[in-house]
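First chain written, first letter: the chains are A, B and C, and each begins at residue 1.
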Amino acid sequence: MKSRSWQSADVYWGVAGAVLLVVLWEGAVRAFDLPAYILPGILEILVSMVDLQSTLMDATWMTVMEAVSGYVIGSACGILLAVILTLIPTLKRWCLPAAIAINSVPVVAYAPLVLLWFGMGAESKIVMVSLAVGFTVFLSALTGLDQANRKSIDLLRSFGANPLMIIWRLKLPAALPLIASAMRVSTTRSMIVAIVTEMLGAYGGLGWVIYQATLQIDFVQVWAAIFAASLVSLIFFGAVSMIERKVIFWR
Amino acid sequence: MTSTHALSDLPRAALRGVLGVAIVGLIWEALVWALNVPSHTMPRPSQMASAVAATPDAYLSGFLRTLVETLIGFAAGAIVGIGNGVLFSKFTRLRQMVFPLFVVSQTIPVIAFGALVVLWFGNTMLAKSVIAFYLTFFPVTVNTLVGLQAVNPKQEALLRSFGASRWQMLIRLQLPTALPQIFVALRLASTLSLVGAIVGEWFGDTTGLGVLLLQAMYNENMVGLWAAILASALLGTTFYGLMALIERTCVFWRNDL
Amino acid sequence: MLKRRLLLAIGCTLTCVGLGFSSIAAAQDMTKASLRLKWLPQAQFAGFYVAQAKGYYKDEGIDLTINPGGPNVLTENLVAAGTDTFGLSGGTDSVFAARDKGLPVISIGISHQLTPFVFVAKKDGPVKTLKDFEGKNVTTWFTGSNYVLFGMLADQGIDQKKVKIQPQQVSVTPFVDGDVDVVTATWYNELNTIKSRVPEDNLRLFVAEDYGITFPRDTLITSEKVAKENPELVKAFLRATLRGWKDAINDPKGAVDTVMAVAPTLERPHQEAMLTEAARLMEAGSAKDNGLFTIDMAAVQKAHDFLLKYEVVKKPVDLKAAFHPEFLEAIPLSDRKL
């Protein structure tokens, strides 16, 4: 009961914040008479979103499929890799610096290579998203797996638990909050990486729409596509947060 | 005890890193040579080294420039992120109103607004740091908030019963408890701020690793591309390693709790 | 209250006077201006860098900053907003689009008089004539070159739906590897990359001009505001630019040196080839008689009508308002010709 009212307060105030932003934005555009190439009015953008709805729907669907597939693959690989490396500390010592090095290069730098190797279709975007999400989740999971209470580990071990059981019973639950927050942050990143890769080469999707619209100097359409991307990212973020809350509740 | 362990561990870890790089480099070189892979598919490390050696100034000045942008963006993002986290944990209403907007802000691909970034922030180094900041502050905010919310209410009640002020509670209990979480975000942020600086340099700049990357990418200069990728990796890994070291010296009490 | 307001007014006046003086002082020695390129530093823009390195802009009293472009850094946008004084924009097509969307930019010169795009097939491949494009994999950029392709196909009465046209990625590797039958290239850039990986005598080129299409690109632009308020600056900028380009074309080795000093990681042979081709595109067509950067209104009109036909431009653009040859024409023809 209490948690439900807390959630609806979240929604109310979230909406209030959004309304405030819209009013400020539209007000600034009108007050300073800003041309569309500096900042288009928010109403103009919304109208254009309705006009372009079929284009935007197709593009959004494509981008979402790429982002979600990459997200799932990346998260799964990241967690799995972290578990494996926790089980084999020697391997961890050798692999961690390499993983950090790969992760510290902006994923977009790999884009030309990935496009070359995986083509212009959805595969290259899924690979890019998995890379971006995978490393974020991996590094968080690795830290989280390390966070379990040492005394509890010793206790479990004294009862004859094997390393796999310790991970399942103790370390993974302890790592869950960190993994969850990494996965939450990764939702929006997965969309962005998919879009950016599409901008560099694709047959469709929101990034493709943005790229085309920019070249045709159609700023309102650029913003419309970005609004669509934001909306979907928010839904994605909300869904993952909800699942997270459920999982933590079960704990 | 743990902190001295961390410090003595450093040279060994660095040595292991260098050794690892050397081994990977040798295997790479040998494989490419043995399998006769064309250099536009996968260049040899020695080709990259000679590319860097041919124009060392370009890589050095690019490296330093990107480093400075990264550090400024990181520092700003870390401070604002932790500040936001603290504010959000204290003022629920503020969190409810602003946090969703933060999430929205993170869904915007900055790269789509190349011209707008120049328009709003000019051609300065600031513009690059702004993007580094923009990518950095959000994960720090999220983790600070999560960390602060994980504080044990019993401990809070205990401290309050001893007459601790809100400020003392924050400094003595809440922030230290949240520190491991915050450091995880800072480590992630060290990487993201580099990404931000590099992408920022794509908007009409003349020096920086991002410029080198972009130039190589569009000229299909695979040797140059890999050289720039490796230079970014060096910068990122060093920064990340330093953050990890600071984390270990700062959060050493964690296991004793 | 009244006193305070009075003080405020005096303060404002003093500030205004001060600002006025300082701007007059600045005008007496140097005018600050910037040029936004359409892409990163490379030999395609050699003349501008030469003019700057040799102090030609300084001679004209301009303190010029050359700002590179980048992905999604739209020159038209920055010039329209006043962030940059001058710009080298995409081409006549982007000027039409900008005017179509109400951006207050005008063109003051055109660099490439011929279509910079060329369509490339392998001689030992299945494509011998334009008719052979039917059913083959053709990649092109959807940034202007696609319309050139459509126009060429239409000229030969080929249904473009029968051609498998796909967006082209950054790399030409799919063409080199044979996954793509026809690839789009610019004369000055990708064609050189292709030549370095496929023997030149195995390449078959399809040239737009052979099919009656000319698509002038790389246009110099400025804002209506600058053109109206400071026409002398525009002329001075053009004078210095012309000197720089004449030097660059006469001494290509030196010009590439200048560009390489700005971007040392570039590959020298590639840049030299680029400058040769860029110079060829700049000297061709109407530029032979009327000098570099000339605005060939007939060619512009043709490109405009062509894009209008393909509904890239939704409504006719007032070309007289968009293209202003008068700044260039104020410079003696001998200074414009090589």
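What we mean here is this: contacts are C-beta pairs under 8 Å (C-beta built on N, C-alpha and C of every residue); 3 or more make two chains touch, one makes a residue touch a chain.
In UniProt terms the chains read A, B = ABC transporter permease; C = Thiamine pyrimidine synthase.
All figures in this text were calculated on a predicted structure; none of them were measured in a lab.
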| item | value |
| --- | --- |
| Overall pattern in which the protein chains touch one another (line/ring/star/complete/other) | complete |
| Pair exhibiting more inter-chain C-beta contacts, A-B or A-C | A-B |
| Mean-CA-position distance for subunit C and subunit A (Å) | 38 |
| Whole-Å gap between the CA centroids of subunit A and subunit B | 17 |
| Sequence positions of subunit A contacting 2 or more other chains | 38, 112, 199, 214 |
| Residue numbers of subunit C (touch at least two other chains) | 71-72, 74, 77, 81, 170-171, 173 |
| Two or more partner chains touched - positions in subunit B | 111-113, 116, 119, 217 |
| Subunit A residues within the subunit B interface of the complex | 9-10, 12-14, 16-18, 20-21, 38, 93-94, 97-98, 100-113, 136, 139-140, 143, 147, 150, 177-178, 181-182, 184-185, 188-189, 191-192, 195-196, 199, 207, 210, 214, 222, 225-226, 229-230, 233-234, 237 |
| Touching residues on subunit A, where the partner in the complex is subunit C | 35-38, 112, 115-116, 120, 199-203, 208, 211-212, 214-219 |
| Subunit A contact footprint on subunit B (complex, rising order) | 13, 16-17, 20, 24, 93, 96-101, 103-104, 106-109, 111-113, 116, 119, 138-139, 142-143, 146, 150, 180-181, 184, 187-188, 190-191, 194-195, 198-199, 213, 217, 225, 228-229, 232-237, 239-241, 254-255 |
| Complex contact set, residues of subunit C against subunit B | 36, 39-42, 65, 67-74, 77-78, 81, 83, 170-173, 189, 193, 197, 262-267, 270 |
| Touch list for subunit B against partner subunit C, complex | 40, 51, 55, 57-59, 111-116, 118-119, 122-123, 202-206, 211-212, 214-221, 224 |
